[in-house]
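Which chain is which? They are A, B, C and D, in the order written, and residues in each are numbered from 1.
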Amino acid sequence: MAPTTPKVVVRIDVKKKPWEQELPLHNRWHPHIPPVADVTEAEVFRVEMVDWTGGGVGDNDSAEDIKTLDPTITHYLSGPLRVLDKGGAPARPGDLLAVEICDLGPLPGDEWGYTGTFDRENGGGFLTDHFPCATKAIWYFEGIYAYSPQIPGVRFPGLTHPGIVGTAPSVELLNIWNEREKKLVEDGHESLTLCEVLHQRPLANLPTPENCLLGGIEKGTSEWEKIASEAARTIPGRENGGNCDIKNLSRGSKVYLPVFVDGANLSTGDMHFSQGDGEVSFCGAIEMSGFLELKCEIIRGGMEEYLTPMGPTPLHVNPIFQTGPVEPRFSEWLVFEGISVDESGRQHYLDASVAYKRAVLNAIDYLSKFGYSKEQVYLLLSCCPCEGRISGIVDSPNAVATLAVPIAIFDQDVRPKSSGRVPVGPRVEKRMPDVLRCTYDGNLPVTKNPGGAHTL
Amino acid sequence: MAPTTPKVVVRIDVKKKPWEQELPLHNRWHPHIPPVADVTEAEVFRVEMVDWTGGGVGDNDSAEDIKTLDPTITHYLSGPLRVLDKGGAPARPGDLLAVEICDLGPLPGDEWGYTGTFDRENGGGFLTDHFPCATKAIWYFEGIYAYSPQIPGVRFPGLTHPGIVGTAPSVELLNIWNEREKKLVEDGHESLTLCEVLHQRPLANLPTPENCLLGGIEKGTSEWEKIASEAARTIPGRENGGNCDIKNLSRGSKVYLPVFVDGANLSTGDMHFSQGDGEVSFCGAIEMSGFLELKCEIIRGGMEEYLTPMGPTPLHVNPIFQTGPVEPRFSEWLVFEGISVDESGRQHYLDASVAYKRAVLNAIDYLSKFGYSKEQVYLLLSCCPCEGRISGIVDSPNAVATLAVPIAIFDQDVRPKSSGRVPVGPRVEKRMPDVLRCTYDGNLPVTKNPGGAHTL
Amino acid sequence: MAPTTPKVVVRIDVKKKPWEQELPLHNRWHPHIPPVADVTEAEVFRVEMVDWTGGGVGDNDSAEDIKTLDPTITHYLSGPLRVLDKGGAPARPGDLLAVEICDLGPLPGDEWGYTGTFDRENGGGFLTDHFPCATKAIWYFEGIYAYSPQIPGVRFPGLTHPGIVGTAPSVELLNIWNEREKKLVEDGHESLTLCEVLHQRPLANLPTPENCLLGGIEKGTSEWEKIASEAARTIPGRENGGNCDIKNLSRGSKVYLPVFVDGANLSTGDMHFSQGDGEVSFCGAIEMSGFLELKCEIIRGGMEEYLTPMGPTPLHVNPIFQTGPVEPRFSEWLVFEGISVDESGRQHYLDASVAYKRAVLNAIDYLSKFGYSKEQVYLLLSCCPCEGRISGIVDSPNAVATLAVPIAIFDQDVRPKSSGRVPVGPRVEKRMPDVLRCTYDGNLPVTKNPGGAHTL
Amino acid sequence: MAPTTPKVVVRIDVKKKPWEQELPLHNRWHPHIPPVADVTEAEVFRVEMVDWTGGGVGDNDSAEDIKTLDPTITHYLSGPLRVLDKGGAPARPGDLLAVEICDLGPLPGDEWGYTGTFDRENGGGFLTDHFPCATKAIWYFEGIYAYSPQIPGVRFPGLTHPGIVGTAPSVELLNIWNEREKKLVEDGHESLTLCEVLHQRPLANLPTPENCLLGGIEKGTSEWEKIASEAARTIPGRENGGNCDIKNLSRGSKVYLPVFVDGANLSTGDMHFSQGDGEVSFCGAIEMSGFLELKCEIIRGGMEEYLTPMGPTPLHVNPIFQTGPVEPRFSEWLVFEGISVDESGRQHYLDASVAYKRAVLNAIDYLSKFGYSKEQVYLLLSCCPCEGRISGIVDSPNAVATLAVPIAIFDQDVRPKSSGRVPVGPRVEKRMPDVLRCTYDGNLPVTKNPGGAHTL
């Protein structure tokens, strides 16, 4: 009978740089990046991956590496893999590629990760107007559990998942991406609301040859130049899956990806030991290197059979997935509500992003009453298995979003009590290591918000 | 020892009109609407409620009642209840009111509900540009289960909850509401994106004496006129809780509401046998009359101790709640992704509302391949226990939202299969009763979307 | 369209005695007890039931009623109901009757229950050699939750279920029951192990006319005399279902019962607000009056199609059921192990009953360290939603059984800690009301066990 | 900061025999088997283990190796490990050792396992009178999932766990074990019921030097002879934990073991990829080699503080454990009932073992109607994550046991249906490979059971 130890198709040496690995990595989406290996339907294979920065962040006490990280390097992906059926014929455009995540985890010998916030000028995060500084928390793994010296008093099982699973776009799809994102950057500031402008975050990250890594395409060639100038950045999730950062894409789940090029050209990366819905601090999961054990199935003609384009072309589709059976199980949740009124008191129209921002801010302020600094809670809610819901999206003018936090991850009872909280003042200092102190040195905008929420 | 049959503090006769009930109902938020009864901390009491329309929708084959429903009548609430501590002192502004939902359900003898979509000109819903017609599905209850003659092939246990639980606003908070919502209506069209304008839904519903019901305030008096002209509409959720439509506020959960007036003045209504996250079709839960068995606790000074204002005043807070232990349990979910690119292909910046819209549209189209009409699926996803998540909110420019649908509610296997779907063409007709056919007779906008998504 | 308020087929007045109810009750199994009503496939109907003793136990401070309760009165059942298909033809022997529990609960106005232990001489319980006294705890319901003045510090949601759901036996099956149970009583003491003899519990409860209630059969007639002398007692579960006391037969579950007589003659009773696996204290659930909302389906020929006789005749079968979707959800459990070595140190051969006894005793002793008396914990483990498992049944000579207790039902943290337990000595007295003190006045056997486990 | 890659304290080479490993293994319990390594409180360490037979069963088509397996070889354990506190002081008798299972799994490169039944003369299993033959099924792992060529049509996620976690007994405890088990063997046949005699399984496995492996004790020495003649066999679970075969002792769980000797001397082995409650076929889990990542905590004086002896000495205690958060999650279960009436129709008194046997037999017969052979289902129910419950243990004379099988593990719908089963006759043959055919050649007892249950 057949052995079932998965074939390793991409092997990573975490001591080497991304561009020194045995099989070349890539950090852009482009149809012409050549496959590094073939995999066949029904076989279980193993892909190893560097962390999203390719080792750019260290297991140490300083957030300096986060502060100076160049976003054009991201995300280093393994692949692309060409997927063949049992007869050797490749997946074809129009097929669906069902990818089952049989197992996943950190790389043996590299069982740690980090969560950070970027400086306001360097990408920021969902709450960058409240938390403009670069910060960093290190997480160590004890099997399924993670704990952080920077955020004592919490320990939780990870819902581990790849932030990125995607197929290569076709030339046509790539053009659609580039055009619509370019248009957003060009027109963006006109149509954006004040709240969004205050973010000062990049509206989109357009193609750039800077720090471009294109797998088997040799640098310096004209082919490289052309591809580098048009290859899509990996930051947003798109029609091909990509950086969806969906925390429930974990062990045992199965994702159905549209196929746009011959062979599907499957790439993976950005492993997360754990992440909260929204990944609010941006570098916000517990980021790590890791491995995936995958099994593919080709559903011939599946795009037409199962997906319906939701836009001007047949390519405007999105992946579907089925959840796995072994997520961590919590039965008690404390839930924070938010409505689409921003911190200045301004009313937004059914804006779920604003409502979710307020729910997250409410949770941060609430939990900071239990001895944590707000920076600690911001990082925690970004990476612990909390759930962000769109609860109401129709009751004009307020969208209602909720953020549910599992109570069991804390080593104290964080529920409201009529007998009052246990006084925790002194713990604030104890729990606030240097690495989490604000060191922002940019120019801060004038605060429009006279309330108590700002941390500056 | 003490009997524990809950004291009935508000009794409803569903054969009577809202204004004919034994204790007067109300459909606005205002600090001066007088309490109809007192309840004491720690006692379990029962409140009965009409459905949100007060009997305006019938258990019959026609969507005509939905089509002509006047939104100024909503929502008919029971209360306010004045909450006292065991010594007889009322809850005070600044306290937190912990309300435990010990039990809830439909009213005996009235075990049915309905889900509908409003006409585009009459309020519409989240997808009104795709589904501009008034439609209606009736649901019958068999204990914990609901089924609908209009949407055959599904049956599911309800996660029953009140759409509205709220305390009365203070005069100051009421003024804040009225000002910010008025400003939205005045300025709104300038700042709204095209997508939102296309909705043609009301930006906000400002105070109006039309169909105003103010509990114990006698109509025709100058007091009534004043209150009616300034009392807040009940449609959006706000700082006092209100119409949050949070489906997980079910049996055994406990909500912590801020108190703004003496006695708290707790009101409840808008009972839902079941609802999906977002309540996307607007009249979108399984709407019903029903009862709540509640138990209150006053946390003195709890607002300052546990909540942090997130805005210009100390009143800019939101409720918190803890989930209950008996939600229906599903282990297998099919999940649909959406990104913040709209149906015209336009890129939006980290807009979770657009991403969720696309996830819902993707789910509707997918499930319609299994023999349902799109109108059937739209109503189903609005009222079945599906979960809407904000999965990624930081990866510029795309927010990623997901909609998770429990597979077990269908009487067929709706997963993608390499062997193909079972052909279900003929079932479409069988499953599409007249009440769900589009009867929209308004002026449709020119469709900007050349893709296949539109149903018109 | 059709109304769906369930038809009430048996109505109970809890102020009346069992023999005074509108429709006659019964407390024996016999094929000739006539149906009191007809129900039809697919309709939802409601059956109300007295508690198992028919009001024999009071909501008061004294265990005297438990102490003197005559076991020949039990269990008072509602029914039998004759089940017809949609064409009016009755269920037939050889069919399977699928009974769905759409809803259930306490009777309105009677929201309380009790848990007790019987005196050693009056039936005892699983641990009667450790707890020979009659005791009683009263439970009050707050919606889904129960709490007891006698066992403070715990509150939990009920997994409500009927202790008894059964079909009538045929004459042939009744004879099999009577013969095998009579043989046990006759031969029993020879083959029983010491452990079992020490119990001094009745080996079986054979037919007796004493306190016999036979529904529509008129007392004093020769028919009554004959039936009373041969009708089976309701205490054990058997081939017809009956008193299985399976706690997971709750809302939304569906039980498949074999049909032995025309019409199936379905009877129900012994409602439990909550029960632990094993119902160890015998009167051990939270016993209450209550209602069931049921829906039947007849599977013609289902016995042959789905069941396989496991004995000398085709009648030696057992019911099957499917669990429902809304059980209370706990994520943290403390689990106690037991092996088949009894309290005297004697080794038993793969005896799961002995192993389970030891697991329960271990749990009682452990939890009594947190301020409860052992009597309190014995009653608690009998009625709270704890799970009893047969973990290992093959590793000679030790069966291993486990008892899992949900941690969330306690108002203190009952996990072992290296920092030690909080001292709780004084709470023992506070928590031990008179009703739970041992008042046993029988002749106690000489204790064989020099260890610390005995409570006497 | 500290690296967290677990220290490997025992490394296994599966290509070598148990007695050839780098650190010596052992297959007996004895206080004088010397520790092979030290571990310190709070550190995470890794232990690797051979499968229980040390490679005695092959990944092949023949059950011959199962048939001839010598039970005196079992179980090969890794350890003992001496546990020290952070100051270097060992655990002491009277302490509790909290062992957290941080992670576990198969050994990389050895991702397969097997389930078997032993021949009646060679140990048999729970149902050896029904299934007297040696059979074997091979399972391959695809990450969290297992599938078997011998039992097609099922695939399920494993609830992986060690069958054996235990501390070394003291001399006093060892003597207690040997005495009580010897007494059972001597007196056993007098007190056993017919049912048990029919099993013809060994009543207990007494010490024997045959195939004895004693870690660092050199064979041939008088010390070896003495220890070998008195060391306890590893087959049953006992006061030290040991072979409890508790399937829920999985990732994230924490077991509290009593300490009987200095250093605790922790041993582990018998890894199971998955197992059903009861492990009914004896060699009944998915047996494999594997690894554990553990973390220990010493609770000083914890035995007295938390455990209560349940027998003549303070040593008569049992471990406690807390479940972990990541068990596979199933929401739909089909449940089979059994009562304590055996296959001959004989009534037993509250015998949970007999009731469970009947529940398992009922499940086997039921599921065999869907195209499986009974041998296939017997093996499946032994190793899939099914739950065995003691539902009722007080309703004389019938104990009620239930076996709950998760519906989702089958690739067909196995629920009863009024429309009838899909005919599956031809699948029986297809699904019944040679390795699962009965090849028993012993002397069969005269069958007492005229019913249909016997497979012979």
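As a convention for this text, a contact is a pair of C-beta atoms (placed from the backbone, for glycine too) under 8 Å apart; a residue touches a chain by one contact, two chains touch by 3 or more.
The chain list, named the UniProt way, goes like this: A, B, C, D = Formamidase.
Since this is a predicted model, take the numbers as computed values, not measurements.
For the pairs B-C and C-D, the count of C-beta pairs in contact is higher at C-D.
Most remote chain with respect to subunit A (Formamidase), judged by CA-atom centres, is C. Distance between chain centres (mean CA atoms), subunit A (Formamidase) to subunit C (Formamidase): 51 Å. Computed from the mean C-alpha positions, the centre of subunit B (Formamidase) lies at a distance of 41 Å from the centre of subunit C (Formamidase). Between the Cα centres of subunit C (Formamidase) and subunit D (Formamidase) there is a gap of 31 Å. Residue numbers of subunit D (Formamidase) whose C-beta contacts span two or more other chains: 325, 329-332, 408.
Residue ranges on subunit B (Formamidase) touching subunit C (Formamidase), taken from their complex, read 1-6, 44, 59-61, 100-104, 108-112, 138, 140-145, 149, 157, 251-252, 293, 295, 324-330, 408. Chain contact summary for the complex, subunit C (Formamidase) toward subunit A (Formamidase): residues 329-332, 408. Across the interface of their complex, subunit B (Formamidase) is touched by residues 96, 98, 125-126, 176, 180-181, 183-184, 188, 191-193, 196, 201-205, 235-239, 241, 243-248, 256, 277-282, 284, 297-300, 302, 305-313, 316-323, 325, 331-339, 341-353, 356, 358-359, 361-362, 365-366, 369, 387-402, 404, 407, 415-418, 420-421, 449-453 of subunit A (Formamidase).
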